[in-house]
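After this come two complexes, each holding subunit A, first together with subunit B and then together with subunit C.
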Partner chain A sequence: MATPGREIDWAGETGQVSRLRGVAFELACLAAVGVALVSVLVLLLYVATDALRPFSADPGWHLVFFLTLVVPTLGTAVYFYRLEEPAGEVAYATTGLPVVGILFAAALAVVLDIELVTALELFALLVATLVAAGIVVVHGRYRPGAALERLGVVVAAPVVTVFGVPPVEVIRALNGVLSLIGLPAVSGARLPSLRELILLSPVAPLEWILVIVSVTIPVAGALGLFVARRRENRRDGLAFVGGAVAATLLAPVAGPLLGIGSTGWVLAVTFCLLPPAVYVEGVVRRNEGVHGLAFPLVLVGGILLGAVLVRQFGFAPPDSWLDWQFLTSAHSRTPEDAGFYPPIVGSIMLLIVVAASAFPVGVGAAIYLEEYAPASGLSGKFVELVEINIGNLAGVPSVVYGLLGLALFIRAINMPSGAVIVGGLAVGLLILPIVIISAQEALRAVPDSHREAAYGMGATRWQVTRSVVLPQAIPGILTGTILAVGRAIGETAPLLMIGAAASVRLAPNSFSDQLPAMPRQIFAWSSNLEPEIRHGVLAAGVVTLLVVLLIMNGTAILIRNKYQREL
Partner chain B sequence: MSTDTITSRPAGLAARERIYKYVLFACACASILVTLGIVGLLARDAITFFTAVNPIAFLTGTEFNLSRGEFGVLPLLTGTLLVTIISAAVALPIGVAAAVYLSEYASDRMRSVLKPALEILAGIPTVVYGIFALVYVTPFLRVFGLPLNTFNVLSASLMVGIMIIPMVSSLSEDAMSAVPDSLREAAYGVGATKYEVSTGVVIPAAVSGIFSSFILALSRAIGETMIVAVAMGSRSRLFDFSEPLANLWRGNQPMTAAMVQINGADSVSGVGFQSMFAIGLTLFVITFLMNLASNRIAARYREEYN
Partner chain C sequence: MANENLNTTASTESQSTSTEDPTSEPLVEQSISVDSERSHTTANADTVIESRNLDVYYGETQALQGIDLAIPENQVTAMIGPSGCGKSTFLRCINRMNDLIDICRVEGELTFNGKNVYDDDVDPIALRRRIGMVFQHPNPFPKSIYDNVAYGLSVQNMDVDVDAVVEESLKKAALWDEVKDQLDKSALNLSGGQQQRLCIARAIAVDPEVILMDEPASALDPIATSKIEDLIEELAEEYTVVIVTHNMQQAARISDTTAVFLTGGELVEFDDTNKIFENPDSQRVEDYITGKFG
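Up next is the complex of A and B:
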């Protein structure tokens, strides 16, 4: 006030604060979020419209489904969101679990269908693994002190029961090396494994029975163990397994009736019915958000009611590009017959290779860096270098990994160009740093006090890692891995670099076959100028890929939410 | 016997521990091997390439044409630069503004919806973004009278920009959330408004984190392959200074798309095929250095507040 000529830059000076600038800024920031989200949302709507062609249906068809499906589900969803949040989460989980289950069941059905693995092979593998596990357990019971010896048993038992002595793979690799340096191949006598002996058996039970034994019983057993532990009652766990097996035994009746075959029924029950059953039991017992269970009923009821009404009134459904025919046939020159089946199978197989190669190495590296790595000295410097390197590798463009795959797997060690295994390994290298980083985060989230308690009781570092740290970190590690593998499915550039063919007519049934993959096929379609391809088949392919990704990411987010609450 | 197992560790345990440690160490070393593998294998073919083509001709040549044996990297570099600049112009302001909203203005509930939504955007495969650009964005922009070719720089670059928004926003938001609340409270205490706190305190305090997210996003744009391979065509063009805007309406070919084209071409001479590795190595070195710089800068802001 003493110097009236000078303005002091202080908001309180004028006695009034202008809100206009602040509000404008807030709105601008909100608009930025909106632009990012809405622009992509609009594009997604466009591509979905092209793929599904909802406007080709009768208006009556839309009206019926609007009344039976959209209004009730939207109503319940809004109710849960506003008034009963726990119920909303239950609704989300009980709707999502069966969907994920369907994806699993379908993937396994495809694997059995293309005979990548037959039911008998699954069965033989299971028996052989169980015997190997039994040997390890018995050894532990009788010689509890011999830790190094047990490590030997852990390695040797599966070799004897699963691989045989010496393993076929070792002979094959040896012969490969021998042929490279020009020596004759060896084919000495070998002791076949238990697994191979089972495969030699002249009689085998029906496929669906084998699937019950080798898929349903292990899954039901694991879930039953979980139930028994949670209810602190072994009888309940056994009852659960019994009920599960009884439900699958309906297969010869229910399967053909529903048109999915006996094996289809067994897989559907195992993956779509059992996990939700366990979840629902937990919800009912905790009595938390029970109302959410109504949501899937409303959803399914709405679909069924709508289907009945539509048929009654004779309303035509939309003539979508994305239909059953599209999902089950191969690419064709005529857009109406073009399909996506080989790429779907190829992507599943790619996923298997990627997960099998990146997961063990990635988690192993993360465990070393978080639990073992020295913090100081020369080796501490080395560890620091490794960490920086991993961070940088995560940012290397995917096309460079494709070049690495080309140079390493195809040109240096002569693997077949464009094969499933080459694509899987190249993409596996690409997601390795992402798996390591997310696994490290999960391991870091385990409180140190737990580790120290275990060390205080005399546990060794590995014992602490295996029995204390890993069990708590597994959900986080899984979340990160699913997200990384989701990224792997969509990767295209590495597949182009390793020479994946544009269109493959036959679904691959071994890992050295030509790789068709969903994004690769989409890229091939994108260069076609025909409107039926560009606004039809291409859009249907994109929507299929996005739905698979959405389900995978949704699962990861579901696991993460549950896990964050527990920690 | 029983007292033994309590007081002393079983025989062989130490050896087993050591074996596990070595196995896990080997896993950790795999990442180093990947880096060495990239550098070594790419360099091998790149060196063969540079014995056939003068490196100076490679770096200063103004034409890239496989069939005529012209291997000038400049048009590819300007193509990459063009995509990077346009996408940065889209993504950096929008990404930072979105980060400010998420970190300073959004309610918890809003944030719990918006953050996963942005995360899902980041999970859309880039080939899908490329198809968006080619099939939907280009016809949409033509409605406004822009003289766009079927394959053009503008819509592809816009899509690259939209693709990297989630990266900028989530990393910048991390940096803004790391700014201690005491700084905000001090500013409110002297009478600052929320706008003044956001622009005058939070953004300057988080500037190194924001900057590091910029570098990472640019490196992502430089390395982006599928969007440009789908929507930008396959003819490399040197930037035309006489008509700056016309560069946007036409197709172009950045480094990544050139690699895809060389690899997919039916008959490529040995030198042409090796040029792919030379370009790949150039790309790797650029992005690797940018990531390194970004990590350095990000480490600085973490030190400041932790």
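Up next is the complex of A and C:
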């Protein structure tokens, strides 16, 4: 009850608190968002228009695809968003998974095509690794107590089966035995590894059969195990593997028919068909968002229908710079023949080197800093200093890392200038601090109560790290690494510093070949005398690079979302 | 830094006052009834854990001052006292969890089965395998229920029938009937009380001699709390249980022996639970128990 006579100072004309500054601040922030979005969008539109030249097509072409593709897909997307959110997620995943699969399959096809790794080598590697794993498992079963011996076996088994024994060791071991029984020492030869023995075999099956054995069966096996566990039925898993192999066995018929070759068919089935199949099975079984499965059908159906109609009416498609020819040929002086194939291959190989060098080093450093390094005292202060400076290293300009690569790898240890491995290592150094920081964050996100629980059970630090911390941190570590690697393939400055050639005619087929990289080629095109190359071909290159980046970041987001939901 | 974050465990006691079970407040003010049916055989039982003149420091701060007490075998020993009085610190000294805190320093003697656990030749990892621990907040791993219980068996490389041990431990923790059909489901889907019983099952799966419990029921509702209390009484037939609690009702209900710590990290009184709650020697303990101080 209001007491009469007491003035009300919280209503009416005079009783208002001023929000002027707050509103002004809000508007300023909104303007910042607008500027950021518009500038990026304008840039993307500008590049995409140059690359795809949509206005060179008949208006009818646009109309047909607008009606068959844009309207139905947008319609279904809006429907999912408004009425059935889980279906939208399913639609996103079922569209994204095959795209990522295609990228994977294409990368592997390129690797096989340039004979960076032959199918026989893959097979030999698989057999050697399996044998090594078998030895480790058998040893673990029969001598579980001998920790030091086990460590030796775990390290030695893969080395011996994959790399063989160096001659020095063979001679030493042989002479040791010989001197025991009183015979004179001999000079021995290198003991070849299991992998090399397989590679020596004079006859090998056809490439696609080897690919089925060494790629499809492991992938299908892993997915089959997952299916079997989820459906709690071993037979379903076996049926899945059987179906997968049966689908790949169609290769000699289906591959040439589609124009992707037998190996291409096997890879396509393995990476674009199997993972979505498992996902779709899960969706159907949970009966959650089943309508989302229609989305990829609408998408593909729209494209096919549009293509048929356009041909029927005779509408000319846009004369895009970004076409199949662009993706499969090398740079040329005539804009129409210029292509991007060697840079794409070079960037994939660069990625392999970057990931192989930065991931183990970065994650290892992060684990040490988070789990082992002392936190207090003088050494704790030192660790803190190291951590701060890792943060600083992340901000060092990339050209400086290029200089470091030049000095370290080319001048100091005489690697070939401009080689794939040099570029990869230099860029690997560049993203190393980012990998360390993101991995540290992922490790820090693991609650201490879980560590304590494990310590309380009498786990050693190594057991805590391996069985409690890492399983929880791996998704975060992977996400961070993928994002960092995504940044790596766009880096140009380090490649310029280590002397990467502007244009390379042939795709590299070993890690010491000249490195053609996407950003390097784009940079070279930007100063080409031919205006059509400067504008059109360059834009096509940029769009290709952006699409690759987009897919990588999409994958990272998918991984993160999936694991966040499970935790 | 993992180590740095663990430092906060030293201060969990100060936070726990706010999370303390609100239902315990009015009970404290009433007269406290002691479960007199339980037989108290403190005098006859063997001592498992004994501390003599134990001092603990966190950096410059002294957390425990000259603690002398003897914990009897196969009984429930409760530690009560206001926040920050060092009960949790004492508990964590027993299985050397305080080793994880860099700035923590322990002086004096703490024996387990007659051997000083702070001797140089003691492996804290091996010690913790004999002394299980249950924490204030349920902390199951984000793994399946089965894997949670089997975790200790795998880290300790125990050569046992894992399925049988998991079943037996869950039965002992009074959880088997509730989870037997969902052993492969994530432990995080369980309710808070079920998670805490799972943590107890995880601790007893490796068959320790002693189970330390750091306010195991303070984050739970009264029904879940009473289940945990029943469980503790059953566990005491097989194991030595040391429990830190804020809830004096709880200490009176389940413990055979009670240690009262008061501010400053000193042990004020250590005696039979009946005696502590009915006729304490110290005026300060009586004030604390009746709620005049604390």
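Quick note on the criterion: the second predicted complex is superposed on the first by the 518 of 567 C-alpha atoms of A that agree within 3 Å, B and C clash if a C-alpha of one lies under 4 Å from a C-alpha of the other, contacts with A are read in each partner's own complex, and residues count from 1 in each chain.
Everything below uses one rule, namely that contacts are C-beta pairs under 8 Å (C-beta built on N, C-alpha and C of every residue); 3 or more make two chains touch, one makes a residue touch a chain.
All figures in this text were calculated on a predicted structure; none of them were measured in a lab.
Once chain A of one complex is fitted onto chain A of the other, the partner contacts of A:472 are limited to subunit C, with no touch recorded for subunit B. By the touch criterion defined above, A:390 reaches subunit B but does not reach subunit C. In the overlay built on the shared chain, the residue A:364 is in contact with subunit B alone; subunit C does not reach it.
Looking at the shared chain after the overlay, A:373 reaches both subunit B and subunit C. When both complexes are overlaid on chain A, the residue A:448 reaches subunit C alone and has no touch with subunit B.
In the superposition on chain A, no contact is made by A:108 with either subunit B or subunit C. In the superposition on chain A, A:433 makes contact with subunit B only, not with subunit C. Shared-chain residue A:460: touches subunit B and subunit C both.
In the superposed pair of complexes, A:35 makes contact with subunit B only, with no contact to subunit C.
For the contact definition in use here, the residues of subunit A common to its subunit B contact set and its subunit C contact set are 144-145, 369, 373, 383, 458, 460. On the subunit B side of its complex with subunit A, the touching residues are 4-5, 9-13, 15-17, 19-21, 23-32, 34-35, 37-38, 41-42, 44-45, 93-98, 100-102, 104-105, 114, 116-121, 123-128, 130-132, 134-137, 162, 165-166, 169, 191-196, 198-199, 216, 219-220, 222-226, 229-230, 256, 259-260, 263-264, 276-277, 280, 283-284, 287-288, 290-292, 294-295.
Within the complex, the subunit A residues that touch subunit C are 144-145, 369-371, 373-377, 380, 383, 443-444, 447-460, 463, 467-468, 471-472, 566-567. By the touch rule above, subunit A contacts subunit B in their complex via residues 10-12, 17, 19, 21-22, 25-26, 28-33, 35-37, 39-40, 43, 46-47, 144-151, 360-365, 367-369, 372-373, 383, 385-386, 388-401, 403-404, 406-408, 412, 429, 432-433, 436, 458, 460-462, 483, 486-487, 489-493, 496-497, 499, 519, 522-523, 526, 534-535, 538-539, 542, 545-546, 549-550, 553, 557.
Within the complex formed with subunit A, the residues of subunit C that make contact are 1-9, 95, 97, 100, 102-103, 125-130, 132-133, 135, 137, 139-143, 151-152, 154-157, 159, 186, 188, 199, 202-203, 206.
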